[in-house]
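Letters are used for the chains, namely A, B, C and D, taken in the order the chains are written, and counting of residues starts over at 1 for each.
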Amino acid sequence: MEKIKIGIIGAGRIGKIHADNLLQMPQVEVVAVSDLFAGPELEEWASQRNIPLVTKDSGAVIAHPDIDAVFICSSTDTHVPLIKQAAQAGKHIFCEKPVSMDIRQTREAVETAKQAGVKLQIGFNRRFDHNFKRISEHVQGGTIGTPHIVKITSRDPNPPHKDYIRVSGGIFMDMMIHDFDMARYVSGSEIDEVYAHGGVLIDPVFAEYGDIDTAIVTLKFACGAMGVIDNSRQAVYGYDQRVEVFGSKGAVAVTNDYPNSAEISTAEGVFRDKPLHFFLERYQEAYRAETRIFIACIREDQPVPVNGIDGLQAELAALAAKLSFMLQRPVKVTEAMELAEQHAVFI
Amino acid sequence: MEKIKIGIIGAGRIGKIHADNLLQMPQVEVVAVSDLFAGPELEEWASQRNIPLVTKDSGAVIAHPDIDAVFICSSTDTHVPLIKQAAQAGKHIFCEKPVSMDIRQTREAVETAKQAGVKLQIGFNRRFDHNFKRISEHVQGGTIGTPHIVKITSRDPNPPHKDYIRVSGGIFMDMMIHDFDMARYVSGSEIDEVYAHGGVLIDPVFAEYGDIDTAIVTLKFACGAMGVIDNSRQAVYGYDQRVEVFGSKGAVAVTNDYPNSAEISTAEGVFRDKPLHFFLERYQEAYRAETRIFIACIREDQPVPVNGIDGLQAELAALAAKLSFMLQRPVKVTEAMELAEQHAVFI
Amino acid sequence: MEKIKIGIIGAGRIGKIHADNLLQMPQVEVVAVSDLFAGPELEEWASQRNIPLVTKDSGAVIAHPDIDAVFICSSTDTHVPLIKQAAQAGKHIFCEKPVSMDIRQTREAVETAKQAGVKLQIGFNRRFDHNFKRISEHVQGGTIGTPHIVKITSRDPNPPHKDYIRVSGGIFMDMMIHDFDMARYVSGSEIDEVYAHGGVLIDPVFAEYGDIDTAIVTLKFACGAMGVIDNSRQAVYGYDQRVEVFGSKGAVAVTNDYPNSAEISTAEGVFRDKPLHFFLERYQEAYRAETRIFIACIREDQPVPVNGIDGLQAELAALAAKLSFMLQRPVKVTEAMELAEQHAVFI
Amino acid sequence: MEKIKIGIIGAGRIGKIHADNLLQMPQVEVVAVSDLFAGPELEEWASQRNIPLVTKDSGAVIAHPDIDAVFICSSTDTHVPLIKQAAQAGKHIFCEKPVSMDIRQTREAVETAKQAGVKLQIGFNRRFDHNFKRISEHVQGGTIGTPHIVKITSRDPNPPHKDYIRVSGGIFMDMMIHDFDMARYVSGSEIDEVYAHGGVLIDPVFAEYGDIDTAIVTLKFACGAMGVIDNSRQAVYGYDQRVEVFGSKGAVAVTNDYPNSAEISTAEGVFRDKPLHFFLERYQEAYRAETRIFIACIREDQPVPVNGIDGLQAELAALAAKLSFMLQRPVKVTEAMELAEQHAVFI
């Protein structure tokens, strides 16, 4: 069986993770990696992995005749042009979230990929987490009946660097976008309307960049269910990633993952270690699973499980949340969409 | 030491629970019980407990010269006149929640008790639950730093009878009022603004009475924290009563209570029994504790831990939630208060 | 319905608990209490509870014409003569464990009660604990199939006073006797053979009295199952009372009970409060249940659920364990029984 | 940095797992694999992994000039000669447990490796499990004070095939040997004496081969602590691997690992999925860790964490348990050792 050949665009932390996961798959070859800051360090990294081509030029990766698919892991502002180029070159695409911060451009990129007949998978890695997957299976399988309430807790262990805050797109587009996707995933329904609460409770630096660090967003789903997402940029006890779906026949909930199950009982109380620290630890297996599935979809010519429309819908919900926060009233996703259509760059 | 003498007004389920709990306290005597439907059954019940006076006339209880304090456990519409009468007769008062569905009347009743110098404790029993008390202790003690997010889940095992739905005052005043008090209790802060989401997902009968059966309400606290409460009239797995407070130094969360800790592992999976079924099981000890503390406050002439103002504030939050639900926008508690002042009967 | 009238013999801690639990039952009257050290304090205690007779003379309680049943809560060495006297006086008997430390005498006492046709319930309170009861129900109900392995952990929070150690009868007869009864209860089978390991790991004072403070005993059951009990006189984190039964179709296990379910997550880790401290906290409800059931058995003339034979069998297992520990080899319960028959006082 | 070159001897399930784990380490090369039944299937497997040499001849692997170390994963009866050959050829050795079923031969093999100055690591994979490692860290770190009681539960999900039972060496040498090593690992002490209980409760086929399927073994440690291990060949709910160490300052315990944390609450009860099914799932990471550490010890010329003496001591404990079971009395490890010295083949 012929190997599927991959090019990596953007060799930051997440690009390297994808590369290493791909390298563990016997049927995959990583043949090129590009990064704006490619240099001796990246060359060394690539050489240890037998990746033949290292370049600063993403175009060289896309144009590479051997390459079947690219992983776009560069900064968000480059996603749309890269998707378009890769699509036009007939390459399948795995793109990190968000596609862009401009709904119109996201829509165009998604459309281009569709027209070109290439696969476009968005990096909503959490759908492949063992816990959330089990929730989805139970909801789909009817165990809990009709969903009534979806609750998502999503808190980071510590805030990003302020250089990142500046370009992040804000808490809704950068952080809660994962949770909007999760809400759609576990409910099996579109988000219809959101109402966003938020504030700067952790660090005034967020305010300097017009951002907030804590938010609660309520959701109305098209199916009639309701939901709530809470985000914090700083949970000192570690990455807090919990989901619960409550329905007419019961509820399903998942807790965090822990590095071990050891419970210590002493005269002072009962103790255990903190949850897994952050996404690299918690979603290690999920990252592997999303690449495995992307490769399998290419090989068997199946539709990818998280596509451009999923990317677009999560962005629309994030945009609606941002609007709601600014306007201090509930905002429908359709209202956000219409507004986005009228402004080339919203955020 | 002289015994404190109590009269019970309203001998329904909750009145009888209070009576039985009082009867277990060696320093307390229950000397009278009144109920609109007093008859042979209640006489028998009272005689088994050596309660000398059984009457249909609440006035006879209030006027009883031996009685130090009354427990008002009759229907909500009788609370305000009974509080006023008891206060004027110089009796201490324990009154079930809500005081009334009319903010102005609640305020008057609270004021009357204050003027009369009698104690007025409101039956927010959940404050005396072992789990929620421990949350409050940790928040007050600074374990979790400054509170940022308060999350309250409160779901009943099954909907009330439709006769009750008709007069309940609606989900916010009847059910979520407990959670508004809990939010104030665990955060140590007033509620500033609410936004209410809700719908009829369980049974159309709620719609017939202008009520809903499922709701999510977000909160802004005066201290800057945020919160969310979710209510359902039907959690098929039993009473679901969980609270979590997240802050700058950590989080504290409580789960439900279970009838036992037995865990069964078989070829099919791992099983345990459902949570305690409803409030009588879950709050059995909390009911005892609230009466013990009320009696202790009388004996030692201390302020009661949940007073008329607490009753009023929870009602205001419930009213704001109802307004928010109707107006589909966030509503400040002050706005609800002003509105309430202009209308004698709002709900 | 006529009240059942009770006399309490021995007004130490456990005698008072039984009295208070009986006093909460509307159909029961406590009419007398005796204690070797009866004095003003006990008089005060009894007067608060309207117990008319306080005496130093247990004979006066047994001979009291109104009394239907006695609770024998005095020191172990008095149990046998008191059982015999009460039985001959036609009184039903609730007796604390162990009946005695002399198998022959225990047998005689049990026999006397049987001949007299009075009920004799032994104070194996743990059978009435919500957790262990649930285990027994599942084992009896077949949920876990045929029992293969029974595991019992039983550790006290702190060692008894040395004055008590001296007269306790040793770890097997004083402490593990509860676990031998538990083993019989949850397995539904007799103990056939034991092998005892043990040592002084906590405090040399145990050695001074020929006792040990830590022990592991393996069991062979008549049904073919195996078991193991571990005891420690000092678990610094609190009372540790866990049971697990493993069988052909699965396993059932219970954990300890905790004062609340609050879980605190901070930068240091995840914490919760220690288990309930000791038997008074953990078995509060179990003590109530065992008296309720004893009274019900009298009222309805039903056999008691833990009778003299149960007391005898647990003592035999304890004796076999003591022998095994001394002889450093496995010992059959029948061997212990034969030996006991030959020696009037073994321990 | 030069790669460490490995040869695999025995390409059954466990040999292949080690190979795949080694292949994920950039600094390691697998250059040869031997198996008595090498054929097209193994050739295909090796070719997918770029393993150049596939042979039926283990000697060819040991003699291979490039190879630095061998993984001995062939049947137990081949371990001793292979260790000796590899040691004499100057190759480092990773050998699956047990080294042999003959203590004298094991001792010789260990001695040969020592004389040759090669590293010999024994495949006690469980020492590298995240849970058990955390126990050891806490015990070593003094969190629980002086160990008093060690409890190990170890149950397989289903019995091995009868062909395997025949050659397995019996429950003590084949299965409980892991637990004897675990007991030494978590206590930090040698086992001094054992007493073994056991029987055929699951399947009479065990009796046919002179084996048992269920066992409880109590331990005396040299340090004064006590312990108990229980083994079952069939836990229908999955692999049951729990350890608890109780000491003067507290206790540390670990539960099983589960495929996810999803908890389902319905009208019937609360459910979750079974524990991870068997060792391949539960110890996946532990297998990776033990190979990583073996490689690191070679590279940095450090002593391996589980050496031949550890292999020998676990075998001695297993032998003592077998003796104890046959003689129905406690047996010291030294007694087993002396006996073993007198008989070339004991089992």
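Side notes on the structure shown:
Simple rule for what comes next: contacts are C-beta pairs under 8 Å (C-beta built on N, C-alpha and C of every residue); 3 or more make two chains touch, one makes a residue touch a chain.
Chain labels with UniProt names: A, B, C, D = Inositol 2-dehydrogenase.
Keep in mind the model is a prediction, meaning the values are calculated, not measured.
Matching C-D against the pairs in B-C, B-D or A-B identifies A-B as its interface repeat (over half of contact pairs the same by residue number).
Across the two candidate interfaces, A-B and A-C, the one carrying more C-beta contacts is A-B.
Rounded to a whole number, the gap between the C-alpha centres of subunit A and subunit D is 40 angstrom.
Between subunit A and subunit B the centroid-to-centroid distance comes to 42 Å (mean Cα coordinates, whole Å).
One finds 59 Å separating the Cα centroids of subunit A and subunit C.
Across the assembly, subunit D contributes 235-237, 249-251, 265-267, 273 as residues in contact with two or more other chains. Within the complex formed with subunit C, the subunit D residues making contact are 146, 148-149, 151, 153, 155, 195, 197-199, 201-202, 214-216, 218, 220, 224-228, 230, 232, 234-237, 240, 246, 248-251, 328-330. The touching residues of subunit C, counted against subunit A in their complex, run 235-238, 265-275. Of all residues in subunit D, those touching subunit A in their complex are 24, 26, 48-49, 130-131, 133-135, 138, 143-144, 249-257, 259-267, 273.
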